[in-house]
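Shared between the two complexes below is chain A, which pairs with chain B and chain C, respectively.
On to the complex of A and B.
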């Protein structure tokens, strides 16, 4: 048996004028966890989606176990031994957990065209129990479970048939600490079984800790493959970007005093089923971080402050006594919000960059309610450029942009509005190093101008690196508050989360 | 073989391009005009014919202007026909008292029906498709009930107003005002934003519920105004007044290039080009002597082709 499990030979893919994957050749050995890294748009996801049959192969070939792959779709790829866990929701609602697990592989449960539901549920439950996810019931509807539990179901679905290659495409951003640990365990088990994992993530720390080897792509081209133990995060960043990334990634200042001026007070705020009796004050010029496990209610804090929660009780009050109760009012009183669910709640995908940027500012730009196209274009261009949005022009649709550039459009919109209080939920979720760096720099610049930021984040290093104060939530309540300090460690925060 | 494939993909790329989708309605209008001119041996371009053709354009164009805004929201409205019927009855009855009162009565009737649609659509979060099909039957029933005994006549005074100048003026005024609101105020932006992505629009400060409700009210009011134009033309109202107007408007707007998903890619020209195209197609088919069943069949085929060509595949979703 040869050492090499998968050979990719001259793999190529174009979308229109974009050369997404440019003649990539690489080998993956048996029993290794291989990370695939690169900035947004470097071609790593496209590469994997060709491997698992989601996209057709543009050129070149994949040879798995000495056999060339000719797969037309994901089910065929599964049968050849390649399966994938994706970043977005990969389960179908309206089906039971068991039906989701065995989707496309119902044959063993079919008897003359009639499905044996009971056998399917029994098998499904057996698998879930084996994985240690016994809080999930195979017979229940998938809709009864939250995003994270659904991800665990997807993990079972992708791995129960023991694929030769398991692709994990930015799955960890959707998982809490616990879910991640489960996933790492499964990846280790695949390796122990002499099979292989392809792991895609933007979290370099996670990659160095859990992967054996790392392949780097840049602008669709293959750059290099390195051993994890020979490199550090800075080496990887340099390889991804092709130049030295400055040291100013997170903030480096400590001990900056927080202003006494309170700009926003949250009093006894409760959102049924989400957060309970939350109280805090936001000070002028500070970055207030919120962290916790994914279901701790921290994301609802952002919505509550922005007036977007359904059925909120308690008060959100500005320094001048204005109570915030709905979104238009929040925007008018200089509050901005960038949602974690960027594609649904932040940008309008099927709209131009221009119209996304001007939307909250339209009234300010109108002259006695009359709009001038020239003025709107100028405004949109000014702030898109200020954010250095990579675009063909302001009339390009947002749906064409990468995650990082979408976030730049969101920030351009609120910069244009000139908001003084910014609520940023997972501001760098799924965003590459270069854009991350730009966003952190912008946050520092804004607070220096006296603007205040509430940053909700699932990334502990980000919380430690950027916040003046950190509040950790647990079960809908604030469970601990920390001041910025060099001695503060990840463990301190995690201790308050679980 | 490989070259052929490449060319094919170029063609399909062109069909999916915005340029083609923008040009298609104009090309369609020219082609349909040309074909009809040829088939009727030029008779369709006779001045008498043209005037008749134009006289059929006014009130559908006014109605289509309102529905254009509703469809931009990504919603749909099936009540235009029955609204026109009920509002025409109100206009006819009131025309015996006072003409301005009759006009106002028609507009308010339309606005009230629009408000009912908007209320159920927004407050109960029902799809507009379902709501307006229900209210369509409801008001069609009202219309039939009021006209069971006899057709409802309008006053001689209102019929005396029938002139092309008046009808043209009203239609042009509606188009100009609507164009201004759509292009140069935040109304157009808000309506498009709701159509492209309602949740994101709400998080950007658009009062989505208010926008949707008021759009339905305004569209109803425009249909009420169209009822006035209808009454001065026909003079008496029967149970079939405005019959199938809703499908005519829907087909017109789609022929005009309006993507049924609404949103960012709608153009105001969709209203004008679409209504003209439908009227030419309709008249041509009548002049060519097709039976009404065959006419429907041909219209159905043309409609299907246009929906398939103009739909925005990226924005595919259920009609709200």
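On to the complex of A and C.
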């Protein structure tokens, strides 16, 4: 019989009227990788953030290794043996890599209040080298590294102290394939050392492959814990959503001809250091997918089309000959853009759902420059409801919403604007299957209406499942183009990525 | 691999290049009465006073805070130091300036934490109070430092004291938790809290350190000028800005790991520009316009964010 490492007893948390975690009890055994799954807003992250001291516990208790936890912050949780790698950026600018790794844990390097900076850097470098991240220098400023490298630093920070419980919260979406492999190795090592991992992800394939057991939360409530080898993806989807979700949430049509009508032409577009001499045409009613490895330049394509790239050379031209050079012009000419970095570039977190939705449409809604509150509210509500946004009301702040519902607000905004060309960068990043299904259905509906979509995605199944054409980027250039086909495989795309 | 452009050598290179460029411009325009070695040493001596204040301001500016009470504290601490020096000599002078400066810093930090209002508002309010306190302390009389107590009025005293302040700043930034935590709080206060950092405590420490450095600046200021007059009606406000210009350099060059050198050299560059205009006989208004413009150009060229990035 497995030995219990962590007991969660009647864990509860409310945010205002939202019951985020509802009396959840579960046990985690030593030496297991436990997935925690559920729709956006099901309470997974809140549960883990209470465990590691980011949120105070609303009710119930955690017992780790027989000892009840009373932690007020992450450092206290670390000291008790719990650490977390978060979904978004978890390192701090203005500090060196070593300072980030040991932040809050400087005591081993302190002597009568004096910090032994050299020893800290030496120890930091030793750890980075041990993890195989020797391209990262412990003495360098963290700001010199990109998002993924900073994530690797965070992995070192969370694991070097050998926590009894390591929480990995939606981290893999921020990592390239190599980064993911490194993370899986670390998770396996934690398990082999008879410690445990709580792994949060929306990638059910990844969960089934790397986790031993899976606990499901739904609307804040505990549903069940299952063994990975006893279930498949459809079983998990059903448990998460509470009803059957077919595996065919991607498009099933093949052979549909692409319209000859070109709505947008990208000619010789170069963004120094990002993309080079990119050329393509977007057709009416088409979903044009862009894929590639991280830093292949695909994300810059979206910005370049939307007029958001600085130093862009070359032309982005609409069918009527209008050249797109900046964002206001792009929006005026019916181009919409949803960024991969949702929290920083797509939504205004500390603003209401209403204000987020009406933002690009304010001029259209004004009557001789005068706005009517009733009209704005009606407009926001109409499109928030159309996207089935889970909210307390349109005046709720976007910061309170889950990732999936934030994305719904972004899409509601552009639906409201009535944009004809949508540039969607990683539209389902960090989003559960139910919302994914809704977004895919919306994309199909929009293309049926004659709207065109550029979909940039790091998910190969998504590219294969939704695109009419797929362009694979490598080193800033288009390295291959594929038409939609049943016979097209992941291997075909990967061959052009690497 | 860390590129040369991200290294501290690059930071030094840019700073040194700016010194050379501005020196060359004014030397070319007015070769006879600008830029002799003696002149340069004089500019340097005046600039290090502001550099000390710039070092202090760095602790709170990196945390996203601001302090309008620096000028009023220079005046008040100078007056308290001079008054005490009349009874206790150097000991009274130094302890008076540093003690008064630091206590005021602690008071500002305490009130900022307790009142929970923006630092700018707290310090504007307190500036008015400190100005009045200085008038009461001075009894409406100009306070003159005894000629026997003017070791810090010129070299080597002023340089020794200023370099002790720079060394202290370097030590705090590199060899204590304070430097790390101030940067962490400025980067993301919420995350810093979650890392167990007592944010309020370190903000209070930041204000206390700033005003300890202001105390040192008071010693240098009153020694250099030999007298100090209490002023009211926000007249001390103008004393805030020159140290702040050095801090801007420090924050701008933080990415190269050279904030202290940037503060010191930055203030020196500003002193070169000021004195260059004096040598040219330009009116003060023109000096101010060009100095302000030069600061904007320098900081824009060296510290501006990536194009398209959000700057607040």
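Operating definition for what follows: the second predicted complex is superposed on the first by the 485 of 498 C-alpha atoms of A that agree within 3 Å, B and C clash if a C-alpha of one lies under 4 Å from a C-alpha of the other, contacts with A are read in each partner's own complex, and residues count from 1 in each chain.
Basically, a residue touches a chain if its C-beta (ideal position, glycine included) is under 8 Å from a C-beta of that chain, and two chains touch if they have at least 3 such contacts.
Quick caveat, the model's predicted, so the values are computed rather than measured.
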item	value
Touching partner for A:346 - first (chain B), second (chain C), both, neither	first
Touching partner for A:370 - first (chain B), second (chain C), both, neither	first
First, second, both or neither for A:257, with chain B first and chain C second	neither
Chain B versus chain C as contact partner of A:110, first or second or both or neither	second
First, second, both or neither for A:137, with chain B first and chain C second	second
Partner chain(s) touched by A:321 [first = chain B, second = chain C, both, neither]	neither
Chain B versus chain C as contact partner of A:308, first or second or both or neither	both
Chain A residues contacted in one complex by chain B, in the other by chain C	308
Complex interface listing, chain C residues touching chain A	1-2, 6, 62, 174-177, 180, 183-184, 186-188, 191-197, 254-255, 257, 306-308
Residues of chain A touching chain B in the complex	16, 306, 308, 327-328, 331-332, 337, 339, 344-352, 355-356, 358-360, 362-363, 366, 369-372, 397, 399, 413
Interface residues, chain B side, partner chain A - complex	13, 183-186, 189, 192-193, 196-197, 199-207, 263-265, 312, 314-315
Of chain A, residues touching chain C in the complex	53-54, 73-76, 90, 92-95, 99, 103-104, 106, 110, 113-117, 135, 137, 140-141, 143-144, 308-311
